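In the two complexes below, chain A is the common chain; its partner is chain B in one and chain C in the other.
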Partner chain A sequence: MLTAKIYVTLKPGVLDAQGDTVKSALETLGFRGVADVRIGKFLVIRLDGHAREQTAAQVEEMCRRLLVNPVIEDYSFELEEAGG
Partner chain B sequence: MLTAKIYVTLKPGVLDAQGDTVKSALETLGFRGVADVRIGKFLVIRLDGHAREQTAAQVEEMCRRLLVNPVIEDYSFELEEAGG
Partner chain C sequence: MKFGIVVFPGSWSQQDFYHVIVNVLKEEACYLWHKEADLQGADCVILPGGFAHGDYLRTGAIARFSPVMKEVARFAKRGGLVLGSCNGFQILTEAGLLAGALLRNDCMHYRCKWVHLRVESQQTPFTSAMTRGQVVRMPISHGEGRYYIDDAALKQLVENDQIVFRYCDEGGELAKEANPNGSLDHIAGVCNARRNVLGLMPHPERAAEAILGSEDGRVMFASILDTFARA
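Then we have the complex of A and B:
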């Protein structure tokens, strides 16, 4: 069993309304020095099998075909051997 | 300038409807061997200052007060020295 941890972020320059809202909320709560907040997705996918290279190719394809909008989002991922 | 990367995940056992939907979609697209999909948030916050200990305490407090729902979510974060 392998675990893919996928990080999906908005590309630099793409407006992050949710991030801006959180930044304002943090300031309202009294937090100082917050320069920027960007909010992305963190996906954890557990996959059968132990073939790292093949699984990495599969995760890459998942990102391209479903998980990521390449127009506005970047992504990266890492594979870990899972416990269960 | 420090960058906090914050990973917010649903606690084990909490139903992840979005994750289940993505799992179904991956199977519909023909991907085999997907055991589980969990979807969380990935926040990147850029903070003024270089005092790691103080900033870590501040990020911890941000998570507790605003960013994380402790009833259903877990979180972890790491601090990195930022370029700009």
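Then we have the complex of A and C:
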């Protein structure tokens, strides 16, 4: 069993309204020095099998076809052996 | 003329479209369930507003894979008329039938209000009865309507005259306050390069009768009917 941890983030040039709102909330709470907040998605997908290369290709395709919109988002992922 | 209105789980504007087409325009309409890969001979396909599949993952991200969407893409490729409003616009961008993407409103609020739109192009089957520069009034109702596209693709949209509507004030000026969601360049609606697919965030079907506050949306339907009659 492998676990794919996928990070989906808004592209650098895309305004993140949610992130900006959280930034101002942090400032309201007195946190100083918050330069920027960006909010993305974190997906955890457990996959059968141990063939890393094949699984990586599969996750790549999942990202390309469904999980990520390339117009606005970037992504990265890591594969780990799932414990248990 | 026969209109096919696609219904996804979570669509909510299909009955408003049906009402306008059948009761106001006296034309034919049918519902197209998203699981059926059949457009039932529709002359114009409508993707209505709502929250298809709960807007999960991204708005329109799951809906684009419904069986009916393959047929819609095929229909569009043959030159068939496809109109997407609100969630329908979001689905068309996710499906790659229109350029760009719709993001969360910059104000973070769900915006449900009347807006003014400037007609930027009358060279489409959906706006042929309007005039370039004309200001029309329609309601919006969305939380994720901020149009975004990268610079290179925006340049192409402008060059090809594919920006069809822009948010403006009553006088037609692109005032910052008149942009309800932070859309890039005030963009409220775009068409494809072939001009037979249009997506817009506002709701023409909610502005098709005087008793509801505006008949401007009706001009869009009149354009479609006129285009069809000439074809």
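Remarks
The working rule: the second predicted complex is superposed on the first by the 84 of 84 C-alpha atoms of A that agree within 3 Å, B and C clash if a C-alpha of one lies under 4 Å from a C-alpha of the other, contacts with A are read in each partner's own complex, and residues count from 1 in each chain.
Rule of thumb we're sticking to: contacts are C-beta pairs under 8 Å (C-beta built on N, C-alpha and C of every residue); 3 or more make two chains touch, one makes a residue touch a chain.
In this text, all values refer to a predicted model and were calculated from it rather than measured experimentally.
Here chain B and chain C are compared by how many residues of chain A each touches, and B touches more.
Of the two partner chains placed by the overlay, only chain B lies in contact with A:G49; chain C stays clear of it.
By the document's definition of touching, both partners, chain B and chain C, reach A:L67.
Of the two partner chains, chain C is the only one touched by A:T21; chain B is not. In the superposed model, A:A57 makes contact with neither chain B nor chain C. In the superposition on chain A, A:M1 makes contact with chain B only, not with chain C. In the superposition on chain A, contact is made by A:V34 with chain B only, not with chain C. The residues of chain A shared by its contacts with chain B and with chain C are 66-67. The touching residues of chain A, counted against chain C in their complex, run 13-15, 17-18, 21, 66-67, 69, 71-72. If you check the complex, the residues on chain C that touch chain A are 57-58, 61, 65, 93-94, 100-101, 103-108, 146, 148-150, 182. Remark: chain B residues 1, 7-9, 19, 22, 25-26, 29, 31-49, 58, 61-62, 65-67 touch chain A in the complex.
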